[in-house]
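Presented sequentially are two complexes of chain A, the first with chain B as partner and the second with chain C.
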Partner chain A sequence: MAYYLLTLAVYVVVGVIACWGLNLQFGDTGVLNFAYILFVAAGAYTASILSLGHPNSSSYQHYFWGAHMPWPIPWLAAAVVGGLLGLLVGLLVLRRLRGDYQAMVLLVVSIMGSYIVSADPGFLNGGVGLALIPQPFKGVLHLSQVGYEVFYLALALLAAAVVFEVVRRIHISPLGRVLRAVRENEAAAAAVGHNVAAVKLLVMVIGGAIAALAGAIEVQFIAAWAPAGWDYTETFGLFAAVIVGGRGNLGGVALGALLVQGLFLEGTVLLPNIGNPALIGAIQWMSLGALILIFLYFRPQGVLPERRRTYSSDITTRRNRMAALPAALTRRSARG
Partner chain B sequence: MADQLTDTPAESTSSDSEADRVTGAAILRVVDLEVHFGAVRAVNGVSFEVQTGTAVGLIGPNGAGKSTALKAVGGETRPTSGRVIFDGIDLAGRPSHVAARAGMIRTFQLGGEFARLTVMENLLVSVPRQRGKSIWGALGGRRWWGAEDAAEIRRAREILSRLELREKENDYASDLSGGQRKLVEIGRALMARPKMLLLDEPMAGVNRSLARHIEHALSALRNDGLTLLLVEHELGSVERLCDRVLVMAGGRQIASGHMGQLRSRQEVLDAYLGGR
Partner chain C sequence: MNSMLSSLGFGIVTASILLPAAVGFTLQFSATGVLNIAFGAQMTFAAYIAFICTQAGMSIWLALVLGAVFGAVFSALLNRFLLARFAKRGTTFFGMVVVTIALALLIEYLVEIIWGTMSVNYQMTGTGVVHLGAMSFTHSQLVVMAIGLGIAVATHSLLKYTRIGKAIRAVASNTDLARSSGVPAQRITDIAWLISGLMGGAAGVMLGISLSSVSYTMGDTFLIEIIAAAVLGGVGQVYGAMLGALAIGVLLEESAIVLGGAYAPISAFAVLILVLLVRPTGIMAGAAEAKGIA
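== the complex of A and B ==
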């Protein structure tokens, strides 16, 4: 049971990180990146081939290039690749097209990416996917299985803390206001001097890097990665988490990831076996769809809505308010 | 109300700007502007100049092409042909953020506010070249951009007080009345430290007392030396505010001059009567 809960905890942390990246794009800036899971996949593949070693070292799986790099290089490289992919996709999609067409094209890009990887067995081992991906420090630590899970959870939490700090700083900054302005009214944001395409490109890059980091963390935990695991439908699971939790609210988004990614999608594994295993998957997706609809109808702002930002006339008041927060948060804001 | 608005350092120099208004060079020159939507020639060869520090009105019946002309000048709509020379730069065909950064800010006929941003945030969005607006600046944290931001918040509060919106600071723009939203847009434009405002019907659909308030606000800005190009249906306000008025009908510029003279011109009356 401890083993299962730890596994679930790592999944939830990965989900929270991914949802924070998606929230930056969708919640803050209003970019409907329906290709989001593609960035998670890009990070996962990057981390895989950067830890598997040279392709010739295994005969049963094929990939175009590989190296054996120590942690944290696979994670960092994954983030860089995710950011570059965001730049590329953003340049192709965001500059010319209107918002709703952008969303459609991004969905198509996601499906195409999946087909391309599946179709070419020499690129990233095709539809079978990569397996036996080495885990960081697994060989040197000599921990029990549960012990290693605890260690890995700590690594994931470290990454989550870094990502939280990045998105928090953007969130509270004047840049964060610009992102929300673009979400609210692109023409007006442009009319007061903001290059809307550049702003969206920026969140494609940063969000892409965060998605890819989430993918890297996930893949080194489960040690395998295949196209079936990053079907375009996964993107909607992440959107559901952001919508349910509360778009534009970092705590809300984390809560949404916990509820949807943790309890809803993974937790259903705990349900009594009702016979047909395919049925469980179908029920999952149907109830996910229903969940999105219920929230969009009855509580579109989510469980924890975006907070209204007020500015005290006196900066010291804000300091005092900060001091009332839990110690960990205060320390973090003092550094900021 | 007007006293409050002119209660700025610029007041003492208003006589200087009065002189500028007579002698000042053209800050905006529009030459042979055309905007076609397929077969519709929304703007069909319009040329005019706006002298620095003056207020120019743009009037005409519904569908005359006023908004389209303003959008083409401000960069939101790409002109089919023609030149838009603002402060020495040809902006024709350049996107609106380029025009805005050059100092020309446009307000919207409808729905120009950031609905789910507070009034204060609406204003802060348009502060130009702010430290915390680049990604590296934002990652630098509040210590890097906080002091500058606090100064802009104070400036925004001054502008909000002048517009009598100070107590609405923390309201979402979506919770304001139509007239208050127009005021927020004007305040937001001012936060950008503009050289010129392009105003699309700032008083339309606003109750009379608020409309008068907006008119006074614009009049005070003009007296402070800000250049205005103003589309407006309320001709009394246009007459009081504008040094010169252009009349458009069917995409063309059919007359120009002082409002008082234009009232008696037959072609202007025809355009208004025919266009309704």
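== the complex of A and C ==
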């Protein structure tokens, strides 16, 4: 039981990190990145080949290149690859396309990614996927199974703390204000001199790096990774978490990830086994759909909504002046 | 060369199925501004309804009609009782996309719960083959092609020559202006969803006939090709969707011959992205921009 709960805790931490990255794009900036899971996958594959070692032709799994790197390198390299992929996809998709086209093309890009990996068995072992991915310090530490889980959870929490600090600083900085301006009104943000395309590209890179880091943490924990695990519908599960928790609120997003990713998608394993596993999976996905609908209808702002920001007093006085304006006008017209 | 020609035949069959689907998908967008991700799931549902009909002893073509009618009613109800209500509550464009995603999950897994994960087959009789040069078609493929062509012609005449079609175009280009000119916008929207659901339902059953099997993920997989066709043609552009369907259908089958089956979808989508880099709002750009949806 302790083992199971620890496993669940690692999953939740991974989900929280991934949702913070998605929130930076979707919650703060309004970019609808339907290819988000592709960045998670990119990070997972990067961390895998950087810890598996050189590909062995006699082995049952094939991948184009590999190395055996010590711990922080696979995670850091994953974040770099995720950021680069964000740059590439962003340059391709975000520059010229209108918002709705961007969303659709990103969905297509996500599916293309999984087709490409599945089509070529020599690239990343095709549809079968990679397995037996080494876990950091597993051989050095000589811990019990539960002990190692605690250690890994600590590593994951360390990464989560770093990611939290990054997204929090962006959120409260002037940049965060620009992101929200782009979300609320692109044309207005462009009119006051912000380069909307560059802003979106930036969140694609940072969000992509965070997604990839989440993927790296996940893959070194479960030690296997295949296209079936990063189907494009997985992106929608992450979106659900951000919506339910409260887009634009970091605590809310974490809560959403805990609820949706943790209790909802993994926690049902705790339930007694009714019927066949396929039925339970179907019910899970259906309840996820219902949950999104209910939240978008009754509480579109999420459990913990984004805080309303109030800025320095000169804005309030200006607002008061604006409110006084109609009265002044009627006075004048009455006089005239 | 011969194989290129024969795969052109397959491409035309795929395009004939893609055409009603892409036109239906794009019609929903132009009438209500909703990008309906649940469209593929609705197709699957209709295909299974047709399967029940064939199980009950009906001919496949009668089942196709009933499947299409189911698709039409289901789609209109979805719009009236779900999507329109969200729109009334002020759900944004992206919010609506997420709503349809949730809807897609609900429908797809409901279908899985009812009919299971194993695929089913339509019972069909009479599968003669007709040769046209290097191309060969089964009888059912010929009928599928005829239906695709028929739907293209019917859509064109509906939009061009009938009052309803005129009203749909009016609502699509400017809903407020249409309403203030006396067009009953809500009823027209309902009709547009009815028609697009009819096309989606028909396309779902046609896909089942062409693949000779129906599975719960069928429509979802096909959705990507529908989106590619619709986006290529310019989202909201009915004639663009027809062209896009033809282009994507032929491209998919031709690249399967040239590059091998596994790479076919990749090349088709790569072409889509390349075309969009040159023409960012699709090959039939125009009216959608005027609407200012993004």
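As a convention for this text, the second predicted complex is superposed on the first by the 308 of 336 C-alpha atoms of A that agree within 3 Å, B and C clash if a C-alpha of one lies under 4 Å from a C-alpha of the other, contacts with A are read in each partner's own complex, and residues count from 1 in each chain.
Heads up, the rule we're going with is that a residue touches a chain if its C-beta (ideal position, glycine included) is under 8 Å from a C-beta of that chain, and two chains touch if they have at least 3 such contacts.
All figures in this text were calculated on a predicted structure; none of them were measured in a lab.
Chemist: Overlaying on chain A: chain B and chain C, fit or clash?
Modeler: They fit side by side.
Chemist: Is A:M104 touching anything from chain B or chain C once the two structures are fitted on A? First, second, both or neither.
Modeler: second
Chemist: Does the superposition put A:L143 against chain B (first), chain C (second), both, or neither?
Modeler: A:L143: touches no partner chain.
Chemist: Applying the touch criterion given at the start, work out whether A:L175 contacts chain B, chain C, both or neither, answering first, second, both or neither.
Modeler: first
Chemist: Touch check for A:R96: first (chain B), second (chain C), both, or neither?
Modeler: Once the two structures are laid over each other on A, A:R96 reaches chain C alone.
Chemist: Could you tell me if A:L153 is touching chain B, chain C, both of them or neither one (first, second, both, neither)?
Modeler: neither
Chemist: Of the two partner chains, chain B (first) and chain C (second), which one does A:R308 touch, if any: first, second, both, or neither?
Modeler: first
Chemist: Between chain B (first) and chain C (second), which does A:V192 come into contact with in this model arrangement: first, second, both, or neither?
Modeler: First partner only, chain B.
Chemist: After overlaying the two complexes, what is the shortest C-alpha distance between chain B and chain C, in Å?
Modeler: Once the two complexes are overlaid, chain B and chain C approach no closer than 8 Å between C-alpha atoms.
Chemist: Taking the touch rule as given, give the residues of chain A at its contact with chain B in the complex, in rising order.
Modeler: Spelled out, the residues of chain A in touch with chain B are 166, 169-170, 172-178, 180-181, 184-185, 187-196, 202, 206, 306, 308-311, 313, 315, 333, 335-336.
Chemist: Any idea which chain A residues touch chain C in the complex?
Modeler: Touching chain C: residues 30, 32, 92-93, 96-101, 103-105, 107-109, 111-112, 115-116, 118-120, 233, 236, 239-240, 243, 278-279, 282-283, 285-286, 288-293, 296-297, 300 of chain A.
Chemist: Quick check: in the complex, which residue numbers of chain C touch chain A?
Modeler: Answer in residue numbers: 35, 82, 85-86, 89, 91, 93-95, 97-99, 101-106, 108-110, 112-113, 116-117, 224, 227-228, 231, 235, 262-263, 265-266, 269-270, 272-273, 276-277, 280-282, 289, 293-294.
Chemist: For the complex, give me every residue of chain B touching chain A.
Modeler: Its residues touching chain A are 74-76, 95-97, 100-101, 105-108, 111-118, 120-122, 124-128, 130-135, 137-143, 145-146, 149-150, 153, 157, 169-170, 172, 188-189, 191-192.
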